[in-house]
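A, B, C, D and E are the chain letters, set down in written order, and residue numbers restart from 1 in every chain.
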Amino acid sequence: MNGPATDGRSAAASPPAASPLRAALLTALMAVIAAVALILVGLALPAWLLFTMTKAGAYGLVALGIVHLMRGGLVSFGQGLVYCLGAYGAGLLASRGGVTDIFVLLAVGAVAGMVISGIVAPLIARYRGIFFAMLTMALSMVLYGVLAKLTVIGGSDGFNVPEPTYLGWAPDVAQSDYALYVVAVLLAVTAAGLSRLHFDSMAGLLAQAVRENELRVEYLGASVFWVTVRNFTIAGALGGIGGVLNGFALGHIDPFFSYWTTSGEFVFIAILAGHASVGAVFLAALATELVRSFANQYFPESWQLFLGAFLLLVMLFLPNGIGSLWSRLGRRRTLRAEGQE
Amino acid sequence: MNQVLTIVVDGLIYASWLFIVALGLTLIFGVLRILNLAHGGLYAVGAYAAAVFVPFFAGLGLPAEFSLLAMLLSAIAVAVIVAPLLERGLLRLFYGRDEVVILLVTYAVFLMLEDITKLIWGVQPYYVFEPRTLFGNVEIGSLFYVGYDLLLIVLAMICGLGVWLWLNRTRIGKIVVAVIHNPEVSAGMGVNVARIYMLAFGIGIFLAALGGAFTSPLIAVQPGVSVSIIVVSFAVVIIGGLGSIPGAAIGAVIVGLARSFAVYELPEAEIFIIYMVMVLVLVFRPEGLFQRVQARKI
Amino acid sequence: ADDTFKVGIVTFLSGQAAQSFGVPAWNGGKMLVEKLNAGEVPAPYDKKGFGGLTIEPVVIDEAGGASTQVQEFRNLAQRENVDAVVGYVSSGDCLAIAPVAEELKQFTILYDCGTPRVFEDGEYEYVFRTAAHATQDNVGLARYLKKKGKEVNTFSGINQDYAWGHDSWNDFKAAMGQIYPDAEVVAELYPAFGAGQYGTEISALMQKPADVVHSSLWGGDLQAMTLQALPRGLYQRSQVVYSAGDHVMPPLGGNMPEGVIVGARGAYGFMAPETELNKWWFDNYKQTYDVFPVQAPYRMAQALLGLKAAVEKAMEANGGKKPTDEELAAALKGLSWESPGGKIEMVLGNGHQAIQPIGFGTTMKNADGEVILGDVIRFDARCVNPPPGTKSVDWINAGFPGAECSD
Amino acid sequence: MLKVSGLHVRIGSVEALRGLSLEVMRGEMVGLSGRNGAGKTTAMRAVMGMVRAASGGISLDGVDLTKVPVHHRAALGIGYMPEDRGLIPDLTVEENILLPTWVTSELDGEARLKAVYAAMPELRQMADRRALLLSGGQQKLVALGRALAAGTRLLLLDEPFEGVAPALAQRLSDVISGLKSSNTAILISQSELTHSEVFLDRNFVIERGANMKVAVEG
Amino acid sequence: MSEADEQAPPVPAAAGTVLEAHGLQKRFGAVVAASDIHVTVPTGARLSLIGANGAGKTTFVNMVTGYLKPDAGRITLAGRDITALGPRQITRLGVCRSFQIPQLCEPMTPLENLLVAVGAGRSDHGGAAPRGLGAFFGAARSGAALAAAHAMLARFELQDYADQPVNELPGGVRKLIDIAMALARRPRVLLLDEPTSGVSTEEKFPLMDRVMAALAGTDGEEVAVLFVEHDMDIVTRYADRVLAFYAGEIIADDAPDEVLSDPAVQKYVTGTARGNGNGTPERDGGGGGDA
């Protein structure tokens, strides 16, 4: 098997083997461009949209976690669990412990999400399909029930968290929304870039193989169990970060973070986005928020009708999600390029 | 002793309520592989329909006994009107897509139903009193129970047995089984698969609506009644094993008894006892209590 | 525009709270806004609109949780540039909104939510609550029982399993501890919010009968619980008290059991004082919607009237310009005004939290066979609310120091 | 009687059939052979209506089959044995065989069952066993029986010998050639001809979705 | 007909036994799928498993590869007991298999399937799998793994199909990919479950030739191959030993010619003894199937 790399024919049939480093640099470059563009755009955005985009960033991160799971063939209907735990962990540290540095808090959220996922994952990694979805949902509902009972931390009403600081800098009110927005952009872009690289990596390919045929993967000597655990833990970290981000954007954290409808929203965003593109989750999150918000304002008594119809239409006409819009374009382009060869 | 008796009776009444709805859910999943989140919405529509039919029958001057018939008719009406619309008009477009996508489609339907019922019936509550007065009170232990509530247990048993016999002892049931396993080959053998899907979906919807209709005398029919049932009946179906009728029955009884035990002994834990049971069951029986046999793959 | 005053109104238009709170409140608000704009409200509110400015409401559904509500609040404040926000039934939403309103310097009136935590735990400049918090419901209830000479040796509670239910029950237990120190708790039940089925809870309450059964259930839950408990004889075995249950009377009609003690979180409806203003309000509401106003529209009305008073006071001070958020806040702070439910006084929370009189009654049939509230007793605001600077729980547990009751 | 002309079928991005034409006469046994992926299964599925024809015609005694829904084929007397057997594991062997007759009023269950048992007596012995418990080869036998139950005019057998041990293949081949006396037309697809050479009247060879040649067998 | 020696010279017994099954038993309800199966597989053996349908061939393969646990009996790999291990562990020890129905990662391409095969292993097998951060963030289509995947495709002359989704590929090609994936793991024991069933007559021999050639190219002479087969021409051509299964038992175990001339084998398996029996094995408890 250590023969010569490839003969001419196979090289023509598949994209040229880019060096891993070049791919990484390319992705990083795109990420930097996206980040700079978004940060600059942010300066011109009205405050409400800035906030909505920050929220979309947070939701998108959680949904990106679900995309990680989806690529491994699973969907979690209980990402509220990690989202909520991340938010509570960081929120309590901020409101009780006085730690307000956003980066510390985000790290706490990520670790909280990762740890709980790591603990739970071995328990649930052998489940598949609807059972996995429902079991995660049950776990998040247990957390919801427990938090709603803990009156010392606000019970079902939750608690407020202080404004975050940024490496010692405490922005005034006018700047704070923008500062958090920048953090959200940086997180989103970093997460998206790393996810892209991961999806294209051997581990990512293996996860995809797990989705398509677990039996085969086991018969290749790889562990479906560990792939699942790994994906779930990654999703946990992303969920925890999303929880912290949104919790501090809102300034308020409550057990509703762990309610099944919250988790359902994340799944919705992930499905709307599809798993073709890592950037799509953020767009899907933003689109959902905007549709909901405008529907609520113009049709306060029937916004659910609009939101439902919107979701149906997207699922019907973009079966592979919003992300397929541009990845389809991309594929067409490569096909054309190949045709010219 | 007395306490145990009440726990059991209360648990069974609650279980019956859950079972009727969960039965429809598990049937739809079993045949169409759809976990129908809109089920709760249809439960609500069933309750609203009863709120229309029962007074209408009363208005005709029919005796109160006919209100039971009215409730049955309202469930049938919902199934006949809504099931084809939903199954043929919408869900069909998503067949072959991922389970989760269809789950979300039904969630979107659920959202829409919330507003549609509001547009049709407004937000004011409706009541359906007549049926509950029919059977008087029954003394069990030292407590009075309303006869109608006990009737729910009978109704649940009729529904469960009926659907089970239908699937397992009739020819059409066997045809349904064939469609479950292999829709394409069944069609090749002459089975009108679309009709079987609609039939199963229709019966599932009928059961949801029936649950709603027979619950309407116990509640104020108004926005929000759909939410209470969804998650719990999901839990029941998962505990029992998706697609299994005996499973749904046992799941409902377990959940009913656990909840009623919690009310007496652990009121603080009532809110999550159902999820705890679900987690426990799944840890020991990953596919639920009654798992279906899988055709071998290799 | 300079001649309109844009008010964001946030209340439940879908979900469980729509029927009992959100929609009646908005109905009341809609009617009142129309009348105010037309200048048809009796004095001292007869000036058109708010000080001549036409009121332009923007309504938002409160469903979706605090996270959604913060976003919608920002949209109201930053995208719609409303002049004031009046809203929020859910305590969780109030707690989440208050700091955001403060940060955005958006003048905001919380019109309904019950938790005392907003102003006991926080301090705000731009946030006000024009309704009393829920402590008075349960203190008043215990006082009512005493005043009616009820003998209470045992009592039970059935309350929803979330903050509202727990807070209400804890307040009631504490107040009973003061007023009936020897009474014992028999059963404490916490059905889930929206449970729909209460058979088991009712059995539990019946098996260990108590003299008094307390419930802070509301809306569909309370109606279902009532319907299910009625034929099983709970109302014969125990004196049932609904701390905030007046709003289920119109829908339940003849199915509302007699002899239940009912509160409304204020002196509303049957318990409202007989003033010109109340008569006007009650009659107009009834005429428009064919049902008498329950607590939610009353609270919306007192919020809007308070806002009107504040706007007009601020305009008097600034020479008739449309007031800024700061001017509004300064005007409303410590203000008091007449409302259909009696006098509202912003005395707690450093002038940001209202107190108001509260009434209780017992259900009974009137001559026409309709179920109404009789035996009405109203308590002064200072009889059932802590004095400024004291937390409600501490105040109850200390034996209501400084309470001013009329007899 | 079965007439396929210029049939084109696309599956996803693949053009599985490109202009396939063939004809089967009453009572005739016709083979359909070709390499893997040539389009044999697709041709059968197209006749069954399980894949949509992009263009071209399929007719049975003049009835345009492209317009007939899949489930009406049993009533037209078409019996189909899919490549992967497609038995219903939870039903017994007899129920599997009877399935087409339950849903098609044109088929008399008892008479068909009798005919099937007459052709394949060994099916009677396993009548009460659930299909789940049969081995792959036994399942082939049952699938053939089920196709027979509906196929009074035309039988479509997709690779009846695939994965079947030689002894059983022999038996299957005997059963099929025993049908020759009846009026039923039979179309058999196969990637190897070893078992069927003996009884085929004609054999169509297809390659990449189109006809190559028609070989007339002895 | 040439002897199998052409492809793989018989390995002298002294070369040692790589796989051994002792007294394997397996029942499914009333069905006995394996009763007291004994098999010894020498290093480098070319072993064919034949038998009636439902005789227990796949069950045997499933037990050896850990998919099924025998009710009784023991399986050893180079002396080590692997009876209790699962498919993954057994694969890691160098026992790889292909499937009666190809098990591929469906909408992925052959190249991706093989990349997975190459990358799935720990570095002790397969060699080309990237490690550390590279496995997580380095492009999978690069470096040694890509080269190895392409080499494997080339070995089976599958380069033309490299980038087509496998679900759009013809059955024979899918069989090849399935086998290539098993080979990419560099097995010591290779089990092929009906590699040629459903493959057209003219392609059967080329397919087997490629498999054998792929083994011959490496240190593959050492690899023991067991293949389940219904086509006796393939059996006689490629096997140096044949095991005939019937009703869960091995009724013959010898050189191909010997086995194929055994009357029992002719009666139950190859059907060359015509006229008696109907080919469907009568098994114990055949009547009561319902569980």
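One rule holds for everything that comes next: contacts are C-beta pairs under 8 Å (C-beta built on N, C-alpha and C of every residue); 3 or more make two chains touch, one makes a residue touch a chain.
Not measured: the values here are computed from a predicted model.
Moving only between chains that touch, what is the shortest number of steps from subunit A to subunit D?
So the least number of steps between the two chains is 2.
Through how few touching steps can subunit A be joined to subunit C?
1
By raw count of C-beta pairs in contact, what's the busiest chain pair here?
A-E
Counting only Cα atoms for the centres, state how far subunit C is from subunit E in Å.
For subunit C versus subunit E, the centre distance works out to 76 Å.
Hey, how far is the Cα centre of subunit B from the one of subunit D, in Å?
42
Just curious, how far off is subunit E from subunit D if you go by their C-alpha centres, in Å?
Result: the chain centres lie 30 Å from each other.
When you check subunit E against every other chain, which residues touch at least two of them?
100, 103
By residue number and range, which residues of subunit D touch two or more other chains?
If we look for residues of subunit D contacting two or more partner chains, we find 132.
So which stretches of subunit B touch two or more other chains?
In subunit B, the residues touching two or more other chains are 114-115, 118, 268, 271, 297-298.
What residues on subunit B touch subunit D, complex-wise?
Within the complex, subunit B contacts subunit D at residues 171, 174-175, 177-178, 181-182, 184-193, 293, 295.
Give every residue of subunit C touching subunit A within the complex, in rising order.
Going through subunit C, the ones touching subunit A are 13-14, 58-61, 64-68, 70-72, 74-75, 77-80, 91-92, 95-96, 98-100, 103-105, 115, 117, 122, 161-164, 166.
Which residues of subunit C touch subunit B in their complex?
Result: residues 14-19, 23, 161, 187-192, 194-197, 199-201, 203-204, 206-207, 219-220, 223-224, 227-228, 231-233, 251-252, 255 of subunit C touch subunit B.
Touching residues of subunit B toward subunit C in the complex: what are they?
Against subunit C, the touching part of subunit B is residues 2-3, 6-7, 9-11, 13-14, 17, 114-115, 118, 123-125, 127, 129, 132-133, 137, 142-146, 149, 215, 217-220, 222-225, 227-229, 259-260, 263-264, 267-268, 270-271.
If you look only at subunit D, which of its residues touch subunit B in the complex?
48, 50, 69-75, 80, 82, 86, 88-91, 95, 99-100, 102-104, 107, 132, 146, 150
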